[in-house]
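One chain, chain A, appears in both complexes that follow, with chain B as partner in the first and chain C in the second.
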Partner chain A sequence: MAEQVPLVDYLVLGDAPHLTAHECTTCGARYFDRRNGCASCGTDEFTTVDVATTGEVRAFTIVAFAAPGVRVPYVAAMVDCGGTSVRANLINVEPDPEHVTLGMAVRLATEVIGTDERGTEAIGFGFEPVPAGA
Partner chain B sequence: MAADDLWILGIHMTKFGKHPGQDLVDLASEAVAGALADGGVTMADMGVIGAGSLMAASAGIGQQLQKQLGQTGIPVYNVANACATGATALRVAAMAVKSGEVDMGLAFGVEKLSGAGLLAGGSRL
Partner chain C sequence: MPGVFAQIGMEYGHRYGGTSFELFARISEKNHAHSTLNPLAAYSKRFTLEEIMGDLMIAYPNTRPMCSANCDGAAAAVVVSGAKLKTLSIEQQRRAVKISASVLTTDPWEESCQILPDVNTLTRNAAALAYEQAGVGPSDLDLVELHDCFATAELVHYDNLMLCEVGGAVDFFNSGATWRDGSMPVNVSGGLESKGHPIAATGIANVWEVATHLRGEAADRQIAGAKVGLAHVIGLGSACGVHILEKAA
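Take a look at the complex of A and B:
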């Protein structure tokens, strides 16, 4: 299997891909990516927590225009994962209002977003609809 | 004490050095968190920010700092003023207090020169 690298540091690959967040040990606020202090309470101690891989679409927009090379339309969304707000695209779904709705149940999914000349794959993430009955 | 007296509640300064493991926002965060702690206050107490950086003012260093330590809805002024950049940031906060607009203000200045002395700004391959 080709070597894989995650698009962002907070995406953990492997058998059960998931996101991790910095959680403030004082107030519980969660943050992705770099963190110098808690923007909510001002303290600076954090633990790393796993973010739920299922969630609900809280807001979305269907993007119709983009720079050359970016496939459109695509769906940019805010997903509530057990109380943690995650910004990501909705993938593996028809990008139209008939298939994307507010409150729809989604789950984390990964996809190859690029491959370099050595065959190393860059892995991004999005959310896909949870199939009925799953 | 006159009505227009100003008090400096807290200060902090990072050590001078190359800091290869810290970027501009790391340095600013360390200084600001240290100054707030020294003053016994938090970002929520601040009414204005004067953010000084000759090279990163136009990159919104004040907003970058706020994203890390607290976006509390206060005005932020990014200033660049040659060797008076830090003093100008301080003046912005001081004037806001003296005008009566705010009770407390934060001023910081940050610059990372390590690696920036090359003609291409260190970006040339």
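Take a look at the complex of A and C:
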């Protein structure tokens, strides 16, 4: 299997891909990426926590107009994963308002977003609709 | 940027319900209708609802006329003390407008602010402080110029500026209140969607629009008898300015 690298440090690959956040040990505020101090309470101790891999779409837009080289349309969304808001695109769904709705249930999904000359794959993440009955 | 503000409007809809592509387009329809009376607007053309909804989609639910217009522009304000004003001509004193509140706020931390800029909390905080400074309430306002960088943004600022009940922005707009003949005219200039959004000048341009009505110099778009107005501007990151202006006594 080709070597894989995640698009961002907070995406953990493997059998059960998931996101991690840095959680303030004092107030519980969560941050993606590196954090030196807490913007909520001002303290500087964090622990790493897993973010729920299912969530609800709190907001979305369907971007139809973008810089050259960016494929459109795509759906950018804000997903509430058990109280932690995550920014991601919605994937594996038709990018139109008939198929994307506020409050829809989604789950984390990964996808290959690029491959270099050695075959190493860059893995990104998005959220896809949870199939009925799943 | 269009996508960010699209989501800000959609998030309001998720929280309180009642929003739709058509609702946001009707906000734009209002502002473009207002712009026909403003000779200084970059676009002073009225669009039908069908034209707005059928125009080029930028970032759903905002089509091109629902986005602020790119343009150049300039605006200025001359600020003097009450003592200085007394030394100026009678005509200048007549045209002077009182700054009853001048507030600048920035973001406190909010759970989701790392992934979607929060334009709500700081606007609400600025408005609350401005009403307190000025000693007036939302019901005292004769007109409001708010930061409609996108049609989706105007809706949330009805609520943030406390022009309506919390969660009531959709009903408030649907009541017709924010049209120029309504109980709370909003963006009678045509808003940023029509008059344009020359970033650094936008805030002062909103102040200028309100001041022009308080002076009774707004010609065809004059809100009759305007005595108190509010001007609002934001910049992502975020900063918010709210001014309450009153007609000189």
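Criterion: the second predicted complex is superposed on the first by the 134 of 134 C-alpha atoms of A that agree within 3 Å, B and C clash if a C-alpha of one lies under 4 Å from a C-alpha of the other, contacts with A are read in each partner's own complex, and residues count from 1 in each chain.
Everything that follows uses one rule, which is that contacts are C-beta pairs under 8 Å (C-beta built on N, C-alpha and C of every residue); 3 or more make two chains touch, one makes a residue touch a chain.
Because the structure is a prediction, the values reported are computed rather than measured.
Novice: In the superposed arrangement, which partner chain does A:Gly82 touch: chain B (first), chain C (second), both, or neither?
Specialist: Neither: A:Gly82 stays clear of chain B and chain C.
Novice: Once chain A of both complexes is superposed, is A:Leu102 in touch with chain B (first), chain C (second), both, or neither?
Specialist: After superposition on chain A, A:Leu102 lies in contact with chain C alone.
Novice: Give one of first, second, both or neither to describe whether A:Gly114 is in contact with chain B, with chain C, with both, or with none.
Specialist: The answer is neither, since A:Gly114 touches no partner chain.
Novice: Just checking: does A:Ser40 make contact with chain B only, chain C only, both, or neither of them? Give me first, second, both or neither.
Specialist: both
Novice: Return the chain, chain B or chain C, that is in touch with more residues of chain A.
Specialist: C
Novice: For chain A, which residues belong to both interfaces, chain B and chain C?
Specialist: After superposing on chain A, chain A residues 39-40 contact both chain B and chain C.
Novice: Going by the contact rule set out above, which residues of chain B touch chain A in the complex?
Specialist: By the definition above, chain B touches chain A via 25-26, 29-30, 33, 36, 42-44, 66-71.
Novice: Which of the residues in chain A come into contact with chain C in the complex?
Specialist: Going through chain A, the ones touching chain C are 29-32, 39-40, 57-65, 76-78, 83-87, 97, 102-103.
Novice: Within the complex, which stretch of chain A touches chain B?
Specialist: So the residues of chain A touching chain B come out as 34-42, 44.
Novice: Which chain C residues qualify as touching chain A in the complex?
Specialist: 2-3, 6-8, 10-11, 13-14, 21, 56-62, 109, 111-112, 114-116
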